[in-house]
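Structures follow.
First chain A sits with chain B, and in the next complex the same chain sits with chain C.
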Partner chain A sequence: MGQDTQTRDSGATARTPDDRVEDARVENYLQVLGISKDFDNFRAVNEASFSIRKGEIFALLGASGCGKSTLLRVLAGFEVPTAGSIVLDGQDIAGLPPHRRPINMMFQSYALFPHMSVEKNIAFGLKQDGMARAEIADRVAGLLKLVRMTEYARRKPHQLSGGQQQRVALARSLAKGPKLLLLDEPMGALDRKLRGEMQLEVVDIIERLGVTCVMVTHDQDEAMTMAGRIAVMDQGRICQIGEPGDIYEQPASRFTAEFIGSVNILDGRIAEDYPDYVVIAGDALETPIYVGHGVTGFAEMSCAVAIRPEKMKLSHDEPAQKYNKARGIIQDIAYFGSHSTYYVRLPSGFVMRTILLNAQRWAAEEFTWNDDVWISWGDNSGVVLTS
Partner chain B sequence: MRTIAASIAARVPRFLREPRSLLIAVPYFWLFLFFAIPFLIVLKISFAEAQIAMPPFSSILEWTGEKLSINLNLGNFQFLFEDELYYTAYLNSIRIAFNATLLCLLIGYPMAYVIARMPPSRRNVFLMLVILPSWTSFLIRIYAWIGILKNEGLLNETLKTLGLIDAPLHILHTEAALYIGIVYAYLPFMVLPLYSNLVKLDPRLLEAATDLGARPWQAFLQVTLPLSRAGMLAGSMLVFIPAVGEFVIPELLGGAGTLMIGKVLWQEFFNNRDWPVASAVAIVMLLLLTIPIMLFHHYQARELEAR
Partner chain C sequence: MSARPRRPILPPLLMWLGFVFLYAPIVILIVYSFNESRLVTVWGGWSTKWYMELIQDQQMMDAAWRSLKIAFLTAWAAVVLGTMAGIVMVRCQRFRGRTLFSGMITAPLVMPDVIIGLSLLLLFVSMSKWIGWPEARGMVTIWIAHVTFCTAYVAVVVSSRLKDFDMSLEEAAMDLGADRLKTFLVITLPIISPALVAGWLLSFTLSLDDLVIASFVSGPSSTTLPMQVFSSVRLGVSPKINALATILVVLVSLAALLGWWLMRLEDKRMRRDMQLAARE
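And now, the complex of A and B:
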């Protein structure tokens, strides 16, 4: 956030070429260019490219085996990429061994040294640099305070809880003041309740120090909570990069739409193609779908429309609108406390998911099993997917 | 009724009520039968006096009239401290066993390390190669070393044929031959516990170390080495303890000058037929060996606690 205002402020004063070079350095602090990694006949990472602003938290999100961890290991230097280059703060680091990269990693399940105390673990990186003992002690004390582990300085890792181990791991990876921090499934080893607290705490610490960070996770909630931007990965490729809201609201592909959150995907073809709207006809619905944005396509092209369940309205009476509605029978209801998901079977056999917040349930109409209902949605609720 | 049943149940020893404790009792029974009883017999003999009789030692317990007298003869132990022979033999045994253990560690560690770093399919082949020689009789393998090391043996002949030496190297019946024999015979006992320790080492710990700026050798010194301490200790114990009491190898390969306690024991039993002194020698050796064993246990308990 701070970065944005700063850039805007300096934009008002006279800009020199040096400023612009500096801007480019901040904007493209880490550049990953066409990284590929092959393991005997298997391409784990396929031409991944992205660039990260200084101080940004960037998440690689994908299912297991999508190549996200391999990409992270390439950044750390544990894997040598088959092709591509990595530029960090203007320096090409692809050829450097891990111990010479200004990058530190917080490992999945932490990899704390079991034979060393908390403070020795944190001091490990500083000791390798040959830092003076008194200076190391100062730095370690500061880091212990930062992660609120001062009382545990002399404990061994096995005497700590999962959350405490994670704090130590974070402090250890921040100790050397890395230019880039890597987090590998940072919350993977924590239980659900602790996860939520730690996500915010970790983000808070990282942002306070202004560290640039790349994290890997399979958990979309974690990516959305912690990261400023997300790259969705599938089969070694990056499918889409964007802010959490963009990725959720404007999925670029069927994979992203289905991977992030829950979605109804209706197959069809473009019936009417105009610059500012399209009408899509499909087999699932009796009426065509009207989408209030143009698409790059042509008439009769086959495509799909993705509609999020929470963007749908449920009613007993037929809505007045001409498009974007369907009648059906409530086949199933899943109660989630804060909301309920209704599974509505349409005459075509397609089962549409809609979500109602449970606060609304008492106020508005009541719906129960086997009710005849109408589903409707707005012009801007659907997203056309052409891939 | 219930109280009666309960009181009967309470009278049955606990280990009979729980089948699990019976299972635990098996190793204790084994130890009792094959360690405690023989040890007590040897202990008893060590306090007796040598006699020319069958058995060749006096009885400790005597029933004379109405008196039961226990005659403990401490002279055998006193004798061990008076005669320099025993003192030298103990010291020699410990020195040779210690050096041999160190050599085994220096040779065995790289072997275990390399095997543990191999792909799993190849590990078993190499572990097999380490164990395989043990399938031949120990005695035959030590005898084979005579054939290799003697003056006109395989080694000297090969070196001569290659033109590297003119006169044969005198290795057999020296301390060098003794070390070769002990290291050769006991190396598997060092490699196997070290291997099973090193193979469990989480590779991510080494990655974490290099990630934090440690060069590969620094990571080895600061992570691998301290974390394999339990394996080094276990291997060292398995080599050191039998090496101290080793008899066959010094007898066959060692020189006349290197006196080890195993040989002294043999001489007391079979040449002097002085069973009480021989028993005292054995008891003192056992007491000497309990020190490293207890140290080992102490470390192992601490290591287990740290898991």
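And now, the complex of A and C:
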């Protein structure tokens, strides 16, 4: 990665066409173009397109049945796409069977061969390539060291714990030095506590080897922790592609806003439309909403404002600001230790979620059930959703 | 003292009744095989003379050897064909005539032996008339007949094992560069091998046991052990048969015990390993 940036900087003055071709190969290392997959009148993947930089970790995120796994299986070659093409490092691989693709996959169930020891499992792919025995032994030893499993080399998969099995599965999928690594729900089979540790460890290993990686997950925390960019999928389509921060703070659609994290969505229409701000009037609030960014739209257009609960303030006294406030009664409190979520019922009946960080001990005790409170938020807290 | 809970009487009693019902005939048979008397139902003191007579009965020994040969060859052929059929039934979800195929494969399970025997006899007779083969009925025709119905059993055993086979194992092998054939040979086959062993043993015993079908399709010089036993019993029950039956029972029990012991050993090891792995 570091090397790539360097060549780009130093070559900025005298760029040759060759450099540009090389750049394009790095930028568009994997190109997925208009992939669709039909199963008997059911469209599982609908014209999915994206491209991935070399060395990037890219996540396909969506609820179960959104087509993310099918898309991954298309990349691996287990499903033949109905339409579209896949170009990996300048080579069209859509027509290749799985065993000829320079792609390896780590399966959700790990799919370790139960009748083979850990080292035989890792060596399996290298053996298929007809590599010399001594060389295989070297490679396997290196991989075992990489995933810290050297002392378990002779064990069978059933003699390993979940986390150990996953390390072996990772080592096996990295053994052949694939151009593209696919991870199918990589933490799906682990318990919650182990998950957090393994997420960072897996990312660390993948980045150390500089492997390009596409992962599939339904867990947004996992996608945000592990991936550099995320594609949010719904009903076979890719809704939005972006870095975790973009997806969270600048959702492009109502679906993305609701799917990632928790959010209050207030329906309304544009009351005042200016280049650098809009005022939105809605039925849920008594005061209009002032949003500090421009919108491509027109006055009276119906839209929605999404406000994340942690971007709101809760107070007993009425805030001084003219816009972006609402009064209500605390209907429910969920205490999480690190933070508390308050469900505040507004006079219109709308229930607003706000999160308060418990920055000091017993901070949560300031508000209790049935308190009359004021909610307020800043100009930059809300995002206008037009779709 | 009076507070001592009463031990239940009925469940153990029922269990022992069941055991007696199942095993008393076999025990009686074994005991009578050591009978001195020529009459099967009259006790005349201990002796092993019927075992000596059995070994000297060349006809009986030939029939036993023939039956073992047929059973051995049947088991292998049935495992190969039955595995192929099982794979087609589970893996090839759509092809024309799939329902007909699985129906026909499993038909011998529900068809009476008499009908299978008779239909095969008719087949062999008309085949020898039209194409001149088989010239005469004998071991080969018995073998073909046994393979036919044993294949059905193997197909059922293998297909039920394949149904809970984790497909991602095969996909993982292909993903790592193995083609379909190689994947089948080094991944699928070893993993379903317990089903193949079970199918083999089942076929072996079914073939060894069969009387009805073999009677239809056998020829003059191809009497199997059950046929030999049956015909000699019809001339009058000899204690020799008891001796033969005892030998068979002992052999079968030993094989079953060995299998059970090996399985328990494997199971124990597996459980210990898993506990160790979980503790780490």
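Following the convention adopted for this analysis, the second predicted complex is superposed on the first by the 370 of 387 C-alpha atoms of A that agree within 3 Å, B and C clash if a C-alpha of one lies under 4 Å from a C-alpha of the other, contacts with A are read in each partner's own complex, and residues count from 1 in each chain.
Simple rule for what comes next: a residue touches a chain if its C-beta (ideal position, glycine included) is under 8 Å from a C-beta of that chain, and two chains touch if they have at least 3 such contacts.
All figures in this text were calculated on a predicted structure; none of them were measured in a lab.
Enquirer: In the superposed model built on chain A, check whether chain B and chain C fit or clash.
Expert: After superposition on chain A, which the two structures share, chain B runs into chain C.
Enquirer: Among the partners chain B and chain C, which is in contact with a greater number of residues of chain A?
Expert: Partner touching more chain A residues in the overlay: C.
Enquirer: Of the two partner chains, chain B (first) and chain C (second), which one does A:99 touch, if any: first, second, both, or neither?
Expert: both
Enquirer: Between chain B (first) and chain C (second), which does A:160 come into contact with in this model arrangement: first, second, both, or neither?
Expert: second
Enquirer: Identify the residues of chain A that lie in both the chain B contact region and the chain C contact region.
Expert: Residues 76-78, 97-100, 103-105, 107-108, 111-115, 124-125, 128-129, 156, 158, 172, 175-176 of chain A touch both chain B and chain C.
Enquirer: Can you name the residues of chain A that touch chain B in the complex?
Expert: Going through chain A, the ones touching chain B are 76-78, 97-100, 103-105, 107-108, 111-115, 124-125, 128-129, 156, 158, 172, 175-176.
Enquirer: Which bits of chain A are touching chain C when the two form their complex?
Expert: Counting only chain A, the residues touching chain C are 76-78, 97-100, 103-105, 107-109, 111-115, 124-125, 128-129, 155-156, 158-161, 164, 172-173, 175-176.
Enquirer: In their complex, what parts of chain C are in touch with chain A?
Expert: Interface residues on chain C, with respect to chain A: 166, 168-169, 171-179, 182, 187, 190-191, 270, 273-274, 276-278, 280.
Enquirer: Looking at the complex, which residues from chain B come into contact with chain A?
Expert: It comes out as residues 202, 204-205, 207-215, 218, 222-223, 226-227, 306-307.
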